[in-house]
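Each chain carries a letter (A, B, C, D and E) given by its place in the written order, and its residues are counted from 1.
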Amino acid sequence: MEDTGSIVAFWLLAALTLGSALAVVLIRDLIRAVVLLITSFLGVAGLYITLSADFVAVVQVLIYVGAISVLMLFAIMLTPRAGRNNAETFFRIPGILLAGLMAFTISLVSLDTDWAVVERGGFEETASAIGEALLDKYVLPFELAAVLLLVAMLGAILLVHPEGTDEE
Amino acid sequence: MAIELEHYLILGALLFSIGLYMALAKRNFVGVLMGIEMMFNAVNLTFIAFSRFPRFADMTDAERLSGHVFVIFVITVAAAEAAVALALAMLVYRNRETIDVDRMDLLKW
Amino acid sequence: MSMKTEPFVVNIGPQHPSTHGVFRMRLTLDGERIIDADMVIGYLHRSMEKLAEERSYTQNIPFTDRTDYVAAMTGNLAYVLAVEKLCGIEPPERASWLRVIMSELQRFASHSMAVGVFANDCGTWQTPVMHMFREREKILDLFEMACGARLTTNYMRIGGVSRDVPPEFRPALRKLLDELPMRMGEYEDLLLENEIIVARSRGIGVLTPEVAINCSLSGPMLRGSGVAWDIRKADPYCVYDKLEFDICVGTDGDAYDRFLVRLAEMRQSIHILEQCLEMMPEGPVHSQITTATAQPGGQPSAPLTIRVPAGEAYGRIESPRGELGFYIVSDGGPAPYRFHIRSPSYINLTPLRELAIGATVADAIVILGSIDIVVGEIDR
Amino acid sequence: MTTVLSGFDLAHRLQPKLPDAVVDATPDWAEVKPNRLLEVCTFLRDDPELDFRFLSSLTGVDLLDHFEVVYHLLSISRNQAATLKVPCEDHDNPEAPSVVSVWRGAHLQEREAFDLLGIRFQGHPDLRRIFLWEGFAGHPLRKDWLNFPGGEMAGLERYPGEPGGKLEGRG
Amino acid sequence: MPFLAKWYDLRDLGNAVGAFLDWIRDLGGPDWIPYVVSGLIGIVAILLWLLVSQLAFIWIERRVIGRMQARIGPNRVGPWGLLQPIADALKLLLKEAITNRYADKPLFWLGPVLIFIPALVVFAVIPFGEGMSLADLNVGVLFVIAITSINSIAIFISGWASNNKFALLGSMRAIAMLISYELVQAFALLGVVIFAGSMRLGDIVAWQSEFNTWMFLLQPLALVAFLIASAVEINRSPMDISEAESEIVAGYHTEYSGIKFGFFYAAEYFAGFAVSAIVVTLFLGGWTAFGLERWVPGWLIFLSKLYLVFFLFIWTRGTLPRLRIDQLMAFSWKFLLELLFIHILVVGAEVLIWHEGDYPAVVVLPIFAVINWTLAVALVVGWATFMGHLRPERRAKRAVLTQELGATYFRPAGGHGTGPMGEA
């Protein structure tokens, strides 16, 4: 990864991702937090592209930006105005400590380890390879994921289905 | 300065920590969920980074793509988790009239 | 749903694309579902009933245009019929025929607007209403020919009509009547058979005949609920007893049926007009009993003032929107002592709240459209 | 043709059932006692021979010394009409029983009569002003509305309670 | 490669750009310069084209709908009213863009900007002609689906930030619609991807060109489903329920005025063009037309197809009423999705048979076309019957004509009444 474009892109995207993630923590208004979270997700998608993972990048946009954040917006809208506060609990100090410790440890480890990276270029095309892997090597987990999604959907429907009333 | 694996790992670590803090300290259920999603993202980023920077020269493309496959599974699970968690949030709100995690102190509702 | 969400109050109106004027519905929503509805009216209240107590009987005729400004002719007619009933005046025969022609043309124009606006409320982007306006324009041209005004006609007079129609009226009407059945076929194909309009309006706002009668609904509202009641048949005024036509009735009592009845009545109006064109006699258009005075042009004209004996009368006609009644109490003076308008638009709103509760916002708009209100007549 | 039942006819029909309800009858209308109105209306609606299930019109008339509420009734099945009147004796504070429980169609018309004439309908579920805003001074269809006790030319202020709102030179 | 043209041959605009880029490369300098320059040329060209098309289509739409509505349409500004869109744009620029006091100002500002993004970004992957695409991603189809879903978030944000109840209702509807129709969109395109064996839009066009067919001939159901789902996502009639004019005034952009409203207005057209471009690329053979592209420039073929598809949106807007939100959602979940499941199964089986048996395409594709068309018609009719759309109480009827005064014709219906009155 020598060319200037990728380096600039990495720093810009990293700044975007981390900056909006920090803003998500700090901002009080939950809707704005979700909007910033979407920005952060988009930054991560961009980082995937710098890692030549185009399929995952697009899936990231599709699922995180298109579905999960929309679900969050929906949940926020269905709760009252008082529920739109993004304040912290009294776990703030332990949280900061723990998170800081975590960041410090992982960074230290990743800097300290000799990763012995073999430089190989990016991928030409990941989508078909992933598809083949999913239906060949990982076919069991793939089926399980499908079952999981089904069960999750049924569970979600059952959870919000009002008891005792049969909706037409 | 070229971008190496460490850059991605540290970025992932920072993102993970921010997510962790949110998941721990946020009062609002949706806020907690946002933290968890952020942690997922950090982990995914690390996976993809590892798959981009392989350790062994004789790894085939298919082997290196395991990271991508794993990310796909993580995203699937995240979607399912988000749906169920938000359904739970709705249910809790309906019964307890709050989505403040501090006040969900009963194991039943 | 038993979801405990915050009630969400939305004001549909007074300025809103679908409230047909300055009408306001205050809806309390749970999501898209209406849990409470209230109507707030009076933005167009001009206190006509009070104003009419200070003006002579003839001067009051223009007020009746301005109640239901979409159907001015029938407003005129109901008022002059009530006064004629009070005075015992019998208008000449040609005047009666002209009155029928005018009120049927007016019914067609008013219904075409109601139908078009209803389709608009269902979400067509102005297209049907524009097509309906094309026919309405031609009818308004005929009105202009007859009395010089298009919207607020002021055509009827106590004991007749203000003037006879010009000779070119007849061919123009003939030409229009040749065109209208074809247009009606188009509308029935386009609107009545339209899958989306059917999906949007069938089963919405159902009124059973018992409720419709108990709520004093009239006109297409009542007939849409399946009650065959038409004052033109029940208590024929003018020359309706000489005319051949059917009462159009719905069978389900929903919004679609009201729409259906209006379209069918437009066809009946064409049928009536055809008969009128054939059977209308020549002759004077002013009653000789009233003190008709000669105008400078030599044309006899309706009187400017009349003396009305003390007493009271309630005259009712079938206006496009239903039973339009005028209750007039006279103390023998030059102006009515009490002048009350029984306006169908207003009374047809009685079941609005019950119809709206449980429906969605989109349904509420369709229901309101199917009631076919004219705010000038509600507020008077 | 709609048959119009005269007041005598109506009184005659009411006689066996509610002998003391009718106060007065003319060829045009029958006048009934306010306290018997509900019974009379229920009878008129439910009697199979009268079957006045349709309330055409309801309105009030200010007769200077008292008010009158006028009911125009219609029977759809028998195609006949009748007129009923109820006097409200107290001119300053007229009251009449509400017939909303008999005919739902009276709901808006009674509100209108209350708004414009000030007749209080006892038992009306939602008796509020409808055309005029809450706080409008007086009831404009009353004959004495212009010299209302609250002040000269009440109602000519632009808004209720507006200071100096009296129109100049028209007092 | 049928083009052996010089750079000034108008049949292929790409030649001119290619020649220009070669010239820049020959000048020397870093590698990224031609890359960036070509990107900039593409972006500017697409933006200019969009702007001109949009102005033209504002006029065309108004004139066409005018005709549909038995009136004339704009005819005062310029010859035949041609300058009307420019006058409108100027008016919008000069008008005050009001921000109401209780609006969420950053988000209120962000909404109109964000709504442009999906509509513009989609054009990055669209092949306007042979080799005329800004970035021929190998996950193009997925990219298209992912990007168009941002549209609804922009709608949501602007509706939310307006602090207006109608806008909020509109944005709630937009989100509900997004959730309902995202799947339909994905499934409709899945069939295309299965057939073409690639998610690269260029490959799909090449596939259609190679087998001399258009995808919609093979998969009519997918085209219809995709058109409906796209109409929902870009809020075109009869699915414009998030800005339903007769119910919630203007939906999510009720509070926007001046040029901010202009942004929404323009974005509506851009999104329409984007969807039309996708439809043309995936279902209508893109820049190819059974060999016609040898004589006519590909981009011209592409644009004429695109305008034809866009005309479809104008047409429906001028003619169809609007559905209710629950009907539209039921239509997605209970109707389209099931049909598309069956459709995907059939398409997958067909591709399997084709590839396993190694039959010639000339034989197989017409058979598939016949099967899929029959299946599409049978499925739509059958499912509609099953869902009860052909039951008499869901059909049109006529009024009863009678002479019998006072009779009652009410038929106590299988009560789907809407309240206490309905059930009385």
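As a working rule, a contact is a pair of C-beta atoms (placed from the backbone, for glycine too) under 8 Å apart; a residue touches a chain by one contact, two chains touch by 3 or more.
Just so it is clear, the structure is predicted and the values come from calculations on it, not from any experiment.
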item	value
Minimal step count in the chain contact network, chain D to chain E	1
Minimal step count in the chain contact network, chain A to chain D	2
Inter-chain pair with the most contacting C-beta pairs	A-B
Centroid-based (C-alpha) most distant chain relative to chain B	D
Geometric centre distance via CA averages, chain E-chain B, whole Å	33
Between chain E and chain A, distance of the C-alpha-averaged centres to the nearest whole Å	28
CA centroid of chain C to CA centroid of chain E, Å	43
Whole-Å separation of chain centres (CA-atom averages), chain A against chain C	62
In chain C, residues with contacts to at least two other chains	2-3, 211, 227, 229, 234, 351
Junction residues of chain A, two or more chains touched	55, 59, 67, 71, 74, 78
Touching two or more other chains - residues of chain D	76, 79
Contact set on chain E toward chain D in their complex	405-406
Parts of chain D lying in touch with chain C, wherever the complex brings them together	1-2, 28, 53-57, 59, 61-62, 70, 72, 76, 79, 81, 83, 103-109, 112, 116, 130-133, 140-141, 145
Residues of chain E that touch chain C when the two form their complex	65, 68-71, 165-166, 169, 172-173, 237-238, 240-241, 244-249, 317-327, 393-413, 415-422, 424
For the chain C and chain D complex, residues of the former touching the latter	41-42, 45, 47, 49-50, 211, 213-217, 227, 229, 234-236, 311-312, 314, 316, 323, 325, 327, 329, 337-338, 340, 342, 346-347, 349-351, 379-380
Chain A-touching residues of chain E, taken from the complex the two chains share	31-32, 104, 106-107, 110, 137-139, 142-143, 145-147, 149-150, 152-153, 156-157, 160, 168, 172, 175-176, 178-179, 182, 199
